[in-house]
Amino acid sequence: MSDKLRVAVLGATGIVGQRFVARLSKHPWFELEGVYASYDKAGLRYREAVKWVINEAPDESIMETRVEKIDIDLIARENYDLVFSALPSTIAENIEVELAKRGVKIVSNASPLRLEQDIPLINPEVNADHIKLLNAQKKRGWKGWIAKVPNCSTAILTLALKPLHQAYGISRVIVVTMQAVSGAGLKGVPSPLIIDNIIPYIKGEEEKIVQESRKILGLFNGRIVMPASFEVLAFTTRVPVIDGHMEAVFVELEETPRSEEDIIELLERYHDNKIETLRLPSAPKRPVVVREEVDRPQPRLDRMAGNGMSVTVGRLSVNGKMIKMIVLGHNTIRGAAGNGVLIGELAYKLNLI
Amino acid sequence: MSDKLRVAVLGATGIVGQRFVARLSKHPWFELEGVYASYDKAGLRYREAVKWVINEAPDESIMETRVEKIDIDLIARENYDLVFSALPSTIAENIEVELAKRGVKIVSNASPLRLEQDIPLINPEVNADHIKLLNAQKKRGWKGWIAKVPNCSTAILTLALKPLHQAYGISRVIVVTMQAVSGAGLKGVPSPLIIDNIIPYIKGEEEKIVQESRKILGLFNGRIVMPASFEVLAFTTRVPVIDGHMEAVFVELEETPRSEEDIIELLERYHDNKIETLRLPSAPKRPVVVREEVDRPQPRLDRMAGNGMSVTVGRLSVNGKMIKMIVLGHNTIRGAAGNGVLIGELAYKLNLI
Amino acid sequence: MSDKLRVAVLGATGIVGQRFVARLSKHPWFELEGVYASYDKAGLRYREAVKWVINEAPDESIMETRVEKIDIDLIARENYDLVFSALPSTIAENIEVELAKRGVKIVSNASPLRLEQDIPLINPEVNADHIKLLNAQKKRGWKGWIAKVPNCSTAILTLALKPLHQAYGISRVIVVTMQAVSGAGLKGVPSPLIIDNIIPYIKGEEEKIVQESRKILGLFNGRIVMPASFEVLAFTTRVPVIDGHMEAVFVELEETPRSEEDIIELLERYHDNKIETLRLPSAPKRPVVVREEVDRPQPRLDRMAGNGMSVTVGRLSVNGKMIKMIVLGHNTIRGAAGNGVLIGELAYKLNLI
Amino acid sequence: MSDKLRVAVLGATGIVGQRFVARLSKHPWFELEGVYASYDKAGLRYREAVKWVINEAPDESIMETRVEKIDIDLIARENYDLVFSALPSTIAENIEVELAKRGVKIVSNASPLRLEQDIPLINPEVNADHIKLLNAQKKRGWKGWIAKVPNCSTAILTLALKPLHQAYGISRVIVVTMQAVSGAGLKGVPSPLIIDNIIPYIKGEEEKIVQESRKILGLFNGRIVMPASFEVLAFTTRVPVIDGHMEAVFVELEETPRSEEDIIELLERYHDNKIETLRLPSAPKRPVVVREEVDRPQPRLDRMAGNGMSVTVGRLSVNGKMIKMIVLGHNTIRGAAGNGVLIGELAYKLNLI
């Protein structure tokens, strides 16, 4: 009998679900005891139910686990210490809210509720303190709680923005993303649409970047989060890359930085004291890696930096208050499941579980 | 008022449906008067209902046509001269049979029924005479008829095999296909599965090649088709190519051919006298194009040969009774809609419509 | 004996060279009489010397032409009416200058000299009047002249910027490009570097966009071109797309535009009166095509708009003085050879040849 | 001072060179002391000289090593215990022979000399005993020796063929390969040729498969290798995949195998006793992995099996004496550098170094 925390994954067969399973099935603190998927997969062994596509192998034993159907009462009755949700946005809200009412604690990658005032939207090294918003959820009458993983592009972006915002204040961000197909899930981007092509539109993505980045970089006053006030302009595109979102970013600061070297140092040395002290297993040594080669970062070469949890910055230049840089991160690790696991680790260490 | 034949397309929004629409909307003999799709698309203009992905533009006026739902009675009542079906295999059989009962004449790209004894499976330059099987369908009590377009890989393969079989007899065919993603339809191959990858399996494809190639190259004795007796061994794979199936083919002949030059001449000069005489608009001048460059055919460079209706053969060599060659054809033109239109043209000229 | 103008292509075997050959070998005004390439290819028939990769076929007769070596005196002695240069940048300057001294008139796609004060950098529908700079070249003692085709990304960009600059004045442009591999020439981007990847750097490209766009949109006062004064910030990336550069563009205007509809109309109705009057064969009917579908333009679907000579704008939105849009054009047609041919046509109609 | 064997890599900056460096810089028995490349790179630090593209990181210290030029006398003077050659075929023969004359022991991935009677062509688990051919090289007057790594496709193929040949005898092999672009080296396949495409020709590859597979599976009688007598027919193609060669294989056996299960067991349990006993660090636990999922092996999912040293077999079926199977292996690991390192380990354990 393990004394690890008992956890489960909802929506375990999709790409983000696979990442959750890969990382939780070998986790030092968590014991993955339940994998949940849609009704047509319930009853199958996980091995039969999943079409494995990610380049990370789970513990073999989890492959033999029976897949359970997503039944709210059954899940609530299992008394998991923590549940990770990779449910599709279309069905997530209702299920997660009903589970929270019944006492389930949930770290969710689904987009609904992310902007609610009492729902923390956590990128741990950026805004771990926002997690205290969980207390406010009691007013909803929930016995459990819901913490949200940010949108993938936004998680990657805000990690690179935080050190700049902290030091000089950001007044405007212009960002153009080139996003990997895995970000749309297994069936999101049919291959006849994307080979030898780019699609310059991802539904809802630009709004998410605009709104979520302000919330994540907002100030928590102990009661509510005051969104940061900088302007964000975004174009998001889909490119024929498997994993790794690249973002071309133009940041206008409120103050002129001392020098380019200063900016590089701010990024490279960036860390969050609390996260470091807590020694969370999924936290990368260096949240932000700066590369000085002229042609980096590249998705294929840099997406696995920090085991997929670091973002890599390159082609950085400073001109007055304007900073140009290319930011890259792994969309289903730092931008989804890896970040979710890190939030779970944080919640555990803060005695929220 | 046009004096063209009135035709319709069922399943008009998929990739093969788009090809049918592109070629029929500008056809000299056919007037495309109906585009039919699933219930959720019915009522929309075709422009709104379709996600256009092929590199061939239809006549603009068809884009404004209202999409109709696939209702058997409504279709039958329209009294089209000919209906082209690009319905999914899962639903095609019942719909097509019910339509045939009600008097509708159908050229169908769907796989069900292809191997039925009284259903002609037509690759026009190869086995136009099999179309007389249509007469046998009266015994089913059908007022209309159904003619079938062969499987994509098989249509391409049999066009290259016919001249060899005719001259020397084939005893065995070993074929390995590298098939384009468009062959699986719009959503058949999700991009996260195929970028930087090959999938060495296509459900049902190898069986289709084995069985259909024998039927197509079989002998019609005026009553039934006696399948050719050669053995076929096939491996089929999916590759990250948009359009164009490539096939590496090893053919064992019954007799030793005179020379490599003779084989090249057989292929290049191959034609079907009847088809030539009928002057069908979709028939390519040269059904088989032989290229002598050492690195051809290639999908991107050769798939549009003969406006997508020719197959291209290259890397041909002869060693005793064994012929090695690479065969390439456009899977949604020669392998589907283009072939379907050609069958329609043939049926018209033979007074079957 | 043709009464067409006698023309030649230097660097005829590369990707841009192939486009020049494809378009000039079937041109109503020009007769392609010479194809020139490096010494190792001289003496071969063009068919043997070229590795054809573009999706446009030249006239078959040109394939049999003997390739000539690039010998300055020999070329000068041929007295071509016009010479098109697709020479590599590394060797172009010296050869082109020596030819101009000897009386040769050259439209060149090579980057050297583009920013020289007396060298016109022409995007015909944008700044046809700059071509009068050719007169100033007499001061160099040249008997011939050199006109330059702009950088590919810049040609595409400035065509979309011109109507905005003309109507409201541009104060700043921020652009992120996603450029096709053909832009680097046949061997510029090795496949192991770009499959499942993006390279966020193209040598010299960002500087070219910054400087050339100001020159092209500059004011010609009859003597010199005063570069436009707007600021340009650019990131350029290479993506796994064969043809078609996509650009995500943020334009800050000097004045607030009346409405989004007004901007769309400005773009769609944009034309240059002089170019229209001259009826140049390569000029597209609509230099700028605006698409209102939410997911267009896309390289594979829109690169051939206007036979590759139109740029397509989509996802346009206006917020105060800020305009966001996605711009797409064919990099080796509008961005290179097609533009070069159009410049040649312009020069002919203006009696400069 | 390390007591490891001192080794060097010639041609250290190419793709195979990078694999050698990655695996030797962290090797338990070998100390990588020299990295050699062409004259234009000599003098640079390895970090500056190499364009790193593989997904495996070398020890960081090797990145600071000075690159040496390939000077025969200088290399000979270094008295390395073993030298690994990833030189291009065009220059390898002369350099390797001159080094061998001067006493250097070489494991070479270059194709020249592979078919010479006294040169062992080693795929360790298949034909380790052939390494005794090295003794015969003394007759050439060489103080050192040369052992050759097989062609990439052949190394992968013969590992899967060996257990079948051993048990039942092979009479004929028909193979169609789908080869990754990394097999042609960094610049071998320009991206404009391979995106959305397949090239059905690789220079010299088919001959190599035919001849080398017979030599590798040949019998060593203590003096010479008698090539196996089976017939091999091969088509080789290049596909848009980064790493991992897939091979569709049809094997005709001399005897009818007992059952499909027997064949699977033969493959799965295959090992070479000697190799197992020697406990070579690069030898995979299971040289051949059999997968029973209907759609495996796939390059992206299976190329790293056994740390890139196993081949994966799938879609196996038996029909009389005919076996069909898909074989996949990592072309630059099992098919090149990984195999080379394994040969080096073997030579060391057999006291040949």
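Order of writing sets the chain letters: A, B, C and D. Residues in each chain are counted from 1.
Criterion: contacts are C-beta pairs under 8 Å (C-beta built on N, C-alpha and C of every residue); 3 or more make two chains touch, one makes a residue touch a chain.
Values in this document were obtained by computation on a predicted structure and should not be read as measured data.
Distance between Cα centroids is largest for the pairing of chain A with B. Set side by side, B-C and B-D show the greater C-beta contact count at B-D. One finds 46 Å separating the Cα centroids of chain A and chain B. If each chain is reduced to the centroid of its CA atoms, chain B and chain D end up 42 Å from each other.
Chain C has its Cα centroid 41 Å from the Cα centroid of chain B.
For chain D, residues that reach two or more other chains under the stated contact definition are 53, 195-196, 240-242, 300-301. The touch graph of the protein chains shown is complete.
On the chain B side of its complex with chain C, the touching residues are 52-53, 55, 195-196, 242, 300-301.
Note for the complex: chain A touches chain B at residues 15, 51, 53, 181-182, 186-196, 240-242. By the touch criterion stated above, chain B contacts chain D in their complex at residues 174, 176, 178, 196-201, 233, 235, 237, 239-242, 246, 248, 250, 294-301, 314-315, 322, 324, 326.
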